[in-house]
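Labels run A, B, C, D and E following the written order; every chain starts at residue 1.
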Amino acid sequence: MLSSEEWGIVALSLKVSLVAILLTLPIAYGLAWQLARGRFPGKVLLDALVHLPLVVPPVVTGWLLLILFGANGPVGRWLEAAFGITVMFRWTGAALASAIMALPLMVRAMRLSIEGVDRRLEAAARTLGAGPWQTFRSVSLPLSLPGVLAGAVLGFARSLGEFGATITFVSNIPGETRTLPLAIYAALQLPGGDAMVARLAGISIALSLLALILSESLARRGHRHAGGGDGA
Amino acid sequence: MLSSEEWGIVALSLKVSLVAILLTLPIAYGLAWQLARGRFPGKVLLDALVHLPLVVPPVVTGWLLLILFGANGPVGRWLEAAFGITVMFRWTGAALASAIMALPLMVRAMRLSIEGVDRRLEAAARTLGAGPWQTFRSVSLPLSLPGVLAGAVLGFARSLGEFGATITFVSNIPGETRTLPLAIYAALQLPGGDAMVARLAGISIALSLLALILSESLARRGHRHAGGGDGA
Amino acid sequence: MALEVDVRLIRRGRAIAARFTVEPAQITALFGPSGVGKTSVLDMVAGLVRPDAGRIAMDGTVLFDSAAGVDCPPEHRRCGYVFQDLRLFPHRRVRDNLLFAWRRLPPSARWMTPDEAIGFLGVGHLLDRLPATLSGGEAQRVAIGRALLSAPRFLALDEPLSSLDLGRRDGILAVIERIRDELRLPVLYVTHDPAEISRLQARVIELA
Amino acid sequence: MALEVDVRLIRRGRAIAARFTVEPAQITALFGPSGVGKTSVLDMVAGLVRPDAGRIAMDGTVLFDSAAGVDCPPEHRRCGYVFQDLRLFPHRRVRDNLLFAWRRLPPSARWMTPDEAIGFLGVGHLLDRLPATLSGGEAQRVAIGRALLSAPRFLALDEPLSSLDLGRRDGILAVIERIRDELRLPVLYVTHDPAEISRLQARVIELA
Amino acid sequence: ARAAADPRAPIVLAAASLQESLTAVADAWARLGHPRPILSFAASSALARQIDAGAPADLFVSADEEWMDYLAQHNRLRPGTRVSLLTNRLVLIAPAASRIRLAVAPGFPLARALGPGRLAMADPDSVPAGKYGREALTALGVWSRVERQVARGENVRAALALVARGEAPLGIVFATDALASPAVRVVGLFPATSHAPIRYPVARLARSDNPEGEAFRRFLLSPQARATFRRFGFGLR
């Protein structure tokens, strides 16, 4: 089936995307919550900031990451000095780039679901002795789960396809940052590379199909519980 | 403020994104509806197909568009012969690329909202004499409007930032296909281009901010009506 | 204008079956303990739930017949249904909820004016409100008005007065009686209140 | 264990004001036409709506005092609230709705077992269901059970029996009476039914 | 029908590394009273694929011969119009502030000079600048020692940016790229014998029906245009 090199690329892509999404999930939810419920000055600004990686072309995002997180960038220098962490030219950098590109999609989906949560149910939980945090955990969060799931799927897919920011930020290093899109891109540059492009594109399509089927079956389980949509 | 060349780029970007989103909106809604409500064989496949432009790197999408819609491609040849339409190297091609890249985001957001529509309300409309189409128009569609809006915003933002598929499909032609991201990319290639990059990036950020503020104020108007979230 | 009902349905292993005819100008009360299937019968009559078997006919026209394969969609049954869970359209103001069906009707089909409905329901001060801001009884009155203004050929009222005070109840019952007597419509009525049943001189169908 | 209530609120230009004390082992019925503000008073007592001014105290502890700036959050008021619109958690099965508060309580605070509640409410066969599949009366009984199993220090019941048949009503009223008498809790009760009021020997507070 | 007095601007597709120089040449052409050519810069590969798909353009300037051969095989070029236009050299660069001294010669200690750092270059598998770079390092016998440290840029300018920002201590780019950036310093020039000659061919496309395309192609070969290219560091054929 797959050559060992292709397996390596697939494994790396999955690792990068999974880490990116899992780390971003709570942050995205927090942002979505603030945007849906919060009332604070500068909310529109935060909203714009979250959407930025979507509007600005990926290459520019990669360039900004380079400036910030590079060994000579302010954040990069600090990370290195404080924790000994380097993201530059590392798969962690690829995950960072993917995460930032996926963030706006995740936040939007989650926000949509949070806005759909019936606040009367939260009030009911409070009268039943659940504090704000318990109410969140037992009512608000599960009722907004469809959005979390949709956000995770979108984010994961976006991560799997992320190219511009990654190659600009962490370059294309086989075994370290060469994810599927970067490998496909490289193949596209070869005059006779069409067969390899088709093959690698096929792999990424298969991966996303698997992810989708998985998420759909998760959703089907979750959705029966979410009520609202299930009339008599 | 802006030079006349920059105005031209901004106007082109807006034209491309607006046309892309307006044309895609009904298609995206139809797909979202089918995915949310439909029960047919191959639904997962359709779902995967819709997500494809998200997973596959943009350059590959552009390459596929090139193969299909190029003057030598099957669709391109047919469009040319039947309607005298060429999309290659035209702003219409850029809009097509943007539309396809934005589609998955729009469909997901809309689907999330459609799944949240209380079907008991649709049943109520039916007993009040509204046929399936009228019920859709007066109940289902307005109740899923938050998703339409979120989808349109996401899609528009994604369109404004679209780069990889566009440059691969319709190249970087000033005045015709050179949208903001392509202009930024060109500036990035110039060693002294940082100032111009910053300026153009600033413009695209400002544009997206405007779009966001607009959509938020639209949403605020729409949301008061959408109920659900507004408890006692 | 008689409404003939003969339906059977298995729901969660529980058999729901009913067979009766509501004559014109007659009120038939469905009576029975909670969960016995009263709402399910109304849903079947209105065309929202498909019976496993049976036949429903209004004034000779067959609305549903499992044997003949007839199943008239709800929008053609002209059933004025007040839902137990109200189902007001949350995105439309009270006025638009009330006029939802009325606006679509040809003037000749209408048999009640909005003003009349707004008057006896006492919802004039609520017209610009969204349903989320209504009290329980206010919402119930709007639901009644919406159903009556759809100019139905028969009524299905599912505990329509459950959250209303006695004064209001009286006024609305009087209107229902007038509709029954003047328009000679068949009325299906679900209630747990024997007082309502005797006041309406309803024939009681006991479900079990 | 008396519940002292003195609240004022302007809602949509309508002034809602109430001042009364519910003594332990006493049922106070809030009575008045639809939209007068009964639910709003319960919401204020439960801590869900903030009064414009006033004071609420339970057994000497101040729950709300606009002058002193005290506003105890709802989760600390221990009010067993049966909502007019039920508000069952749609994503949780009946069992989990019933035990929502109960599971969190220290055993010493509990004063009713799930089995007891399930028994007199007759919801044993519904435990694995999701709320969307319940009939109106079934959902209402689950809402009552959920509130009672939260071991409240006082009850706020908003038309809790409106969709129940007389048999069920009787059983549940008996339990409420037992709770009143044995646990000596103050009970705030909203109803439109004079029969319930006299059966419960309730003191009537008429809102207008 | 178009009057001869109303010529259309030709569309020119060109490799990204020609961005500054070709723009200057087009400006000069426009100053002579011709419609200003429409220039579209991208990776040679992307452009070649567009041409293969039927792009309605007039000229193609590629950064290597391979893609031009590819198009010739697919009959996308107008016979007799292909000319090798420019040449370039390959250089080893370091950030302007770097003190690295290194003579580019067979077996030179590139790996030691890099230390733990990365060698920035365009993708050696696909992008022309990278392919030449690998060929040169292989010829000099150091490729196997630095191969694992290569940071592959999407194009040669991306590699340039990595060195200019100090993220990579060394990089390999075209001489013209190094000249364009004040933030880098040329450490050494690769011997012309260490890699195949770097040539930029130009050709008119088979689909081109705009005589201005041919006129501009001829202008590219004129002494005036050649002087401009030379100013940007290109060699001439």
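By definition in this document, a contact is a pair of C-beta atoms (placed from the backbone, for glycine too) under 8 Å apart; a residue touches a chain by one contact, two chains touch by 3 or more.
These figures come from a predicted structure and were not determined experimentally.
Novice: Tell me which of A-E and B-E has more C-beta pairs in contact.
Specialist: So, comparing the two chain pairs, more contacts are at B-E.
Novice: Please identify which chain has its centre, taken as the mean of its CA atoms, farthest from the centre of chain A.
Specialist: The chain lying farthest from chain A is C.
Novice: Hey, which chain ends up farthest from chain D, C-alpha centres compared?
Specialist: Of all the other chains, the one whose centre lies farthest from chain D is E.
Novice: From the mean C-alpha coordinate of chain C to that of chain D, what's the distance rounded to whole Å?
Specialist: Computed from C-alpha means, the inter-chain centre distance equals 30 Å.
Novice: How big is the gap, in whole Å, between where the Cα atoms of chain D centre and where those of chain E centre?
Specialist: Each chain's C-alpha centroid was found; their separation is 79 Å.
Novice: Quick one: report the Å distance separating chain B from chain D, using the average Cα coordinate of each chain.
Specialist: Their C-alpha centroids are separated by 49 Å.
Novice: How many angstrom lie between the CA centroids of chain B and chain E, rounded to a whole number?
Specialist: Here the centre of chain E sits 35 Å away from the centre of chain B.
Novice: Specify, in ascending order, the residues of chain D that touch 2 or more different other chains.
Specialist: 39, 48, 85
Novice: Hunt down the residues of chain E that sit against at least two other chains at once, touch-wise.
Specialist: 46, 49, 161
Novice: Send over the residues of chain A in touch with two or more other chains.
Specialist: Within chain A, residues 63, 120-121, 123, 185, 188, 228, 230-232 contact more than one other chain.
Novice: Could you pull out which chain E residues touch chain B in their complex?
Specialist: Spelled out, the residues of chain E in touch with chain B are 11, 13, 16, 19-20, 38-42, 46-47, 49-50, 52-57, 155, 157, 160-161, 164, 177, 180-183, 207.
Novice: Which residues of chain C touch chain D once you look at their complex with the stated criterion?
Specialist: Where chain C meets chain D, its residues are 12, 32-35, 39, 84-85, 129, 133-138, 140-141, 158-159, 162-169, 192, 194.
Novice: Which of the residues in chain B end up touching chain E in this complex?
Specialist: 59, 63, 66-67, 70-73, 76, 86, 88-89, 167-169, 171-176, 186, 188-192
Novice: In the complex of these two chains, what residues of chain E are touching chain A?
Specialist: For this pair, the touching residues of chain E are 43, 45-46, 48-49, 66-67, 69-70, 118, 120, 123, 125-127, 150-154, 158, 161-162, 165-167.
Novice: Can you list the residues on chain B that touch chain A in the complex?
Specialist: Interface residues on chain B, with respect to chain A: 44, 47-48, 51-52, 54-60, 63, 104-105, 108-109, 111-113, 115-123, 146-147, 150, 153-154, 157-158, 160-164, 180-181, 184-185, 188, 197, 201, 204-205, 207-209, 212-213, 216, 223, 228-232.
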